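Each chain gets a letter, A, B, C, D, E and F, in the order it is written, and its residues are counted from 1.
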Amino acid sequence: MSFPQPYAGYPDAKYHKLTLAADGVLLLSFNRPPVNAWIDPKWQELTRILRTARDDGDVCAIVVAGEGRCFTAGLDLNEQSLAKIVADQPDAARKALVMRSHIRDFQEAISWFEYVEKPVIAAAHGVAYGLAIDIMSACDIRYATKTTKFSIKEVDAGLAADIGTLQRFPKIVGNDSLARELCFSAREFDSAEAREIGFLSKVVDGGREEVVDAAVKTASIIASKAPVAVRGTKIFLLHSRDHTVEEGLRYTTALNSALLQSDDMPVAMLAVMQKKTPKFAKL
Amino acid sequence: MSFPQPYAGYPDAKYHKLTLAADGVLLLSFNRPPVNAWIDPKWQELTRILRTARDDGDVCAIVVAGEGRCFTAGLDLNEQSLAKIVADQPDAARKALVMRSHIRDFQEAISWFEYVEKPVIAAAHGVAYGLAIDIMSACDIRYATKTTKFSIKEVDAGLAADIGTLQRFPKIVGNDSLARELCFSAREFDSAEAREIGFLSKVVDGGREEVVDAAVKTASIIASKAPVAVRGTKIFLLHSRDHTVEEGLRYTTALNSALLQSDDMPVAMLAVMQKKTPKFAKL
Amino acid sequence: MSFPQPYAGYPDAKYHKLTLAADGVLLLSFNRPPVNAWIDPKWQELTRILRTARDDGDVCAIVVAGEGRCFTAGLDLNEQSLAKIVADQPDAARKALVMRSHIRDFQEAISWFEYVEKPVIAAAHGVAYGLAIDIMSACDIRYATKTTKFSIKEVDAGLAADIGTLQRFPKIVGNDSLARELCFSAREFDSAEAREIGFLSKVVDGGREEVVDAAVKTASIIASKAPVAVRGTKIFLLHSRDHTVEEGLRYTTALNSALLQSDDMPVAMLAVMQKKTPKFAKL
Amino acid sequence: MSFPQPYAGYPDAKYHKLTLAADGVLLLSFNRPPVNAWIDPKWQELTRILRTARDDGDVCAIVVAGEGRCFTAGLDLNEQSLAKIVADQPDAARKALVMRSHIRDFQEAISWFEYVEKPVIAAAHGVAYGLAIDIMSACDIRYATKTTKFSIKEVDAGLAADIGTLQRFPKIVGNDSLARELCFSAREFDSAEAREIGFLSKVVDGGREEVVDAAVKTASIIASKAPVAVRGTKIFLLHSRDHTVEEGLRYTTALNSALLQSDDMPVAMLAVMQKKTPKFAKL
Amino acid sequence: MSFPQPYAGYPDAKYHKLTLAADGVLLLSFNRPPVNAWIDPKWQELTRILRTARDDGDVCAIVVAGEGRCFTAGLDLNEQSLAKIVADQPDAARKALVMRSHIRDFQEAISWFEYVEKPVIAAAHGVAYGLAIDIMSACDIRYATKTTKFSIKEVDAGLAADIGTLQRFPKIVGNDSLARELCFSAREFDSAEAREIGFLSKVVDGGREEVVDAAVKTASIIASKAPVAVRGTKIFLLHSRDHTVEEGLRYTTALNSALLQSDDMPVAMLAVMQKKTPKFAKL
Amino acid sequence: MSFPQPYAGYPDAKYHKLTLAADGVLLLSFNRPPVNAWIDPKWQELTRILRTARDDGDVCAIVVAGEGRCFTAGLDLNEQSLAKIVADQPDAARKALVMRSHIRDFQEAISWFEYVEKPVIAAAHGVAYGLAIDIMSACDIRYATKTTKFSIKEVDAGLAADIGTLQRFPKIVGNDSLARELCFSAREFDSAEAREIGFLSKVVDGGREEVVDAAVKTASIIASKAPVAVRGTKIFLLHSRDHTVEEGLRYTTALNSALLQSDDMPVAMLAVMQKKTPKFAKL
């Protein structure tokens, strides 16, 4: 099999371009010109794609990028579907309950970058505004080009971010003072600042192609590892973030008592001894 | 209205100097010469000031600084009020219960930098020892002059810090090894080190005036934003710090289903389209 | 008393070398040539040593290092004791329950670096792979030589790390993107990278001797402080990591209402006034 | 509109009989003769039905019952779909991961009795074994005939209950000693015992018809109340069960600040004053 | 000193009648004819009274009752202060934020029955509707006359209860099915039913006088016990309700290590040996 | 093998009498005449016995009782070991830290009734005071004779209960009002009251022999069940008590994905079909 090739697992994507970029690596690229702005059908499709990827043993790691000009400029503010539904409601309570359901579904869609239980690397270029930060924060690893421009833009639109940035971003970075400043002020920041506070782990010279290549390369390395170990690692990392150390250890004990019974361990060890590349069963 | 001007909302402050430093920006400056050391009436007044600021629609952001020589050198160790009350108690249990109430009230006073639900920027110069770190850690954003000296000084006085440093400081910075080293050893650290580990987001050349100016400038930008969005952002950031991502998302959903019904959103969007400065109703 | 001298509190250690390196400072050095690989009796001994140190008033701080070539290269993969026990079990459920007990005991052993309730400084040289990261992450402070090589190696052996790295490492460092990349890929990283993301607080020129000296020096400073304050600080730091700020404050209030009744406070204050070194009762 | 009538909202149910039993009351009856045993497509259909009911303003409360001989005798042990999928997996780890997904989906299906956010009354007759207890425990209110026989049957099949009984049952009843005895021993218990420990709130003379009538009667009363108030009550009751009192109060504050802006409050109060039946907008 | 006598600690109560009913027992009686309906100044006064009682060593236990016709019929629906403030706000978001503050303050007032840290016994007669259940649920012990009528009335007014009933009531009683039924339907229940599900621990023949006498009698017994032990018990019971068993044990360990150093223990033991009534220092 | 017979697994118990009362049932009887009062070596032995029982495949369930006059009258107040150690400490802080360690170890000993991970039935007769309630509350199931007398006695000794009663008792019973009354007042209650509030699940006519027989009979039934299922059930029940429903379900999913791979399931099902008693492998 040669790479890249179109991803056959979800052939009819409308708002995304899907490619098998390397063995075990799905490249999921936002594809709604000109700036990959988000409308409801787009994140509903995203959910379906990630569910497919979760259950597809041929996908071991995922790279997320944007087609065209940028990663994504955020919500499509011209899209009025929610506004219309809300307008139909007779009072503020009912409007609130309708919005509550809508926000919940939207949050779930972005949380699928976690539910997919396979490592996800964001590879950003151009503009990464608003929802872009929600999305990147839900990914495991973040790369960007030198010239990428970031902004937690929601306050400028009159709202507090509600699709995950305020939950995940401060737990990712190592400077809470700057994190809050960026959330309150909506000011733009560049890759150097993003790297310095720990939002990015790599800044790449060049444009979309170069950053995607770098992400695919890391994803390929991960995709070559024992799949039970990699999935377990993601499950435990996410669990640990949200629990005490002691709770995290107990949960690890419970699940790993099964995961340690995989064939991957003898395969991996034999490969080390024979200095060969191990070949694992799919997951 | 011209700035700066005295803050009329709390005219009789005894241990603090209160100024409206810019439109919507309250400058709260510790004012107990020579080193702004803390006694009970001072933090009791602080609570009342911050409660006033919370309920005052003219205050959108707060800058915290110190008058005179420094930000604050910490507790006034000559102050014996607690010691006297404790001495009256007949046994160690009753002494403990008295101190428990006192510590709790003191902690609450400092937590008011969070309860105020408006962004708070600390602007430190000179010495920032002991309680200074408790206070700065309870603020959202931290700036300091190049020559500010910090120390988590409590261990040198024979006690474990109990007004918030041990709770908030390690969640703010990005180097837990250094954080603990500073807590155990009470050694002094400077602005460069504080910036590097993520305690500060800006180090300013010059003295008190320069660092306060920088803080007021950032506070002004924040004060110009949609107030419902800014308050929501602070509420969600604080909630998120103390909850799982999932809990944080659910809480956001509950409250934002009301906050998204503000008039700030259409005002903000119209301003973007008309390239004008938006004018929001007070909060 | 002159230092260093053998530690008399646990004279018969088989897999560890124990030294009183300075007044109040226990140097605990892994000692199983050639690479300090771990077998069950080694961590069982470690538990007993740390329990002894916890209850020994002469130990105020601990430095952890490796004898010989390196800190530790991780698990001894030739050791088959668990494999044999597991093989005896008739089905996957019973195998799982046996492994669950084993993992739990192993986790507890490493958590004793926290249970000891005295500051622990890891001083690493050479190779620090796999279990080395679990161990260092359970310490309070981390130093290493310039040439130390780190790796979260478990995925390469076909398993997800389960002795604490996935729980503690991401809460220590300030770049979650890089943290996850290192967990998924098992790639080696050096001291510079470890310092930059906040895993280390000091990188030392030279070899084992130099890094141990630096750690002992810091440990000595800590050992000279009021012991009730230092123990309280460790108790509160660990509690805070795993609780909300509010819970942390309340717990501090409860315990500190007793700890503030120590004689260390007047001793410390008198020493400050007299500019003498304070002399505290043991703990 | 006259009642009962077939429920038009989900016309093609295969394993359930759906009736509008009264104004605003959906009667959902398990319908897989002879004993309403559960297979995967049955709970997958259940999920879809409850999702429909959640979004249907004509459904204000739900009664759950069984067609024919009994409420449900539990899992269909002849159904081998999971066994077959598991058998295909090469090792115990992969078998575990497949089962983990399957159990999770099954749990979610039963949790839909909570996610539906409208009150659910279980009306049991005949046998209520195994999964019947998982289901009834996920409902809000439980009625049964005098002759209904209950059993937490899972231990007799060699497994620990994993679809919710062990989580919800002990939080529902007021005798933890008996609750655990029933979980460990799988012994049958009758309606009198179930009533005494607080599992049931009503025991009805007669058979399926009588208990369903009693449940529909209570459901009708609930369906006549202000729908925003009823939905809010269910949301808060579920939240409260899983949080501290303080967290519960805060969450209530957040959401109720919107829900109190409904038109239901003036409508309800006017009705009280006019001694008329209030007429609320749908939700 | 003879009892009953007016309570001198808070002489000017407007909406409450305060009596020292026995040695160490404060009788706090709601006093706003005809049905003790609640308005803002009433619960604001309640907060001040309970704060006074907390700090008054002469108060060891509290009995809560209603003057006149009943315990309390709930909110005064004629009171429009909140409605007026809300009406002034320009949009649903700002209305929500104003109500959020108001609900929070109201909740806090009722939570003062817990914050007072001394045992509180509710003694109900007549009608106990709506807020009456919020209040009684925040007390420790509940007695009522045979003829008391209860209702979780909020749904009938078009709102979900938000002052604590939905948080505390289900954790108090032993029949969650009935608890939810009462919350959803607002139906009246009597003392027998309230006793059966565990809401009450005593039903008293007679009227207000008899139930108050019974409560004062129990309160007197409690007031005669070691005050450090009683306060510790209340602190630990409240902490335990909201934490895991393990967390509860740890917190107990922290605080009891001080409380066990009281003089009450030797006093109590000596009294047992001498078969005398112990005399404890005040708290 | 005939029963009862001495338990060979721990032959030298000093403060306990150990018997195999039936196949798989360990009868652990407190044995320190005259009233089984507790001293440190007694609970230290208890820990060792329960650890042995946990690891002994021949023990499937445990019955706990008292030799001689009663279950246990609580702590031995003549025992002064802790008092002596505490007296040696120079200040209240150090006394507190010593007591903290001691209380923690004592709590752990009693928590071993949970850590043993096999069902435990308490069978009480005579007096069950103070520590008796801590112990019974840590057991899974509670039986008593009609004449057993209970008291949460600690307040009468001047202290708040700290070995688990305040944590576990209120979560067991269905009447929080009575639970708190008993904790505050230390008043004696009998088996009828204990049964009514849900502390006991069976009250037995007769004395020690009869209640132990009843407990052994129930324990025998449990001991005949699939051991993986029974252990899983206890693990999940304890986890569920201390977690949200959602957390409980997730943990169940993790561990049960291994436990469902036991041979007990096919053995149990075959036995059902063949109407034979199943024979399970030990655990």
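Keep this in mind: a residue touches a chain if its C-beta (ideal position, glycine included) is under 8 Å from a C-beta of that chain, and two chains touch if they have at least 3 such contacts.
The structure presented is a predicted model; accordingly, all values stated were derived computationally and were not measured.
*Asks:* Going by the touch criterion stated earlier, list every chain that contacts chain E and also contacts chain F.
*Replies:* Shared contacts of chain E and chain F: A, B, C, D.
*Asks:* Same or different, please, for the chain D to chain E contact, judged on whether over half of the interface numbers appear on both copies.
*Replies:* Because under half of the interface numbers appear in both copies, chain E and chain D meet with different residues.
*Asks:* Mind checking the rotation angle between the two copies, chain B and chain C? C-alpha superposition, nearest 5 degrees is fine.
*Replies:* Resulting rotation angle: about 120 degrees.
*Asks:* From the mean C-alpha coordinate of chain A to that of chain C, what's the distance rounded to whole Å?
*Replies:* Taking the average C-alpha coordinate of chain A and of chain C, the gap between them is 34 Å.
*Asks:* With chain centres taken as the means of their Cα atoms, state the distance from chain A to chain D in Å.
*Replies:* Centres of chain A and chain D (C-alpha means) sit 35 Å apart.
*Asks:* When the centre of a chain is set as the mean of its C-alpha atoms, what distance in Å lies between chain B and chain F?
*Replies:* Chain centres of chain B and chain F, defined by C-alpha means, are spaced 49 Å apart.
*Asks:* Spell out, as numbers or ranges, the residues of chain B touching 2 or more other chains.
*Replies:* Touching at least two other chains: 92, 95-97, 100, 171, 173-175, 197-198, 228, 241, 254-255, 257-262, 264.
*Asks:* When you draw the chains as points and link the ones that touch, which shape shows up: line, ring, star, complete, or other?
*Replies:* Looks like everything touches everything, fully connected.
*Asks:* Which bits of chain A are touching chain B when the two form their complex?
*Replies:* Residue positions touching the partner: 77, 92, 95-97, 99-100, 103-104, 107, 111, 154-162, 164, 166-168, 170-171, 173-178, 180-181, 183-187, 197-198, 241-243.
*Asks:* Along chain F, where are the residues that touch chain A in the complex?
*Replies:* Touching chain A from chain F are residues 251, 254-255, 257-258, 261.
*Asks:* Quick check on the complex: what are the chain F residues that touch chain B?
*Replies:* Answer in residue numbers: 92, 95-96.
*Asks:* Which part of chain F faces chain C closely enough to touch in the complex?
*Replies:* Per the stated touch rule, the residues are 90-94, 96-97, 100, 228, 231, 255, 258-264, 281, 283.
*Asks:* Per the contact definition, I'd like the list of chain A residues that touch chain C in the complex.
*Replies:* Touch residues, chain A against chain C: 119, 140-142, 171-175, 197-201, 218, 221-222, 225-226, 228-237, 240-241, 244-246, 248-250, 252-254, 256-262, 264-269, 272.
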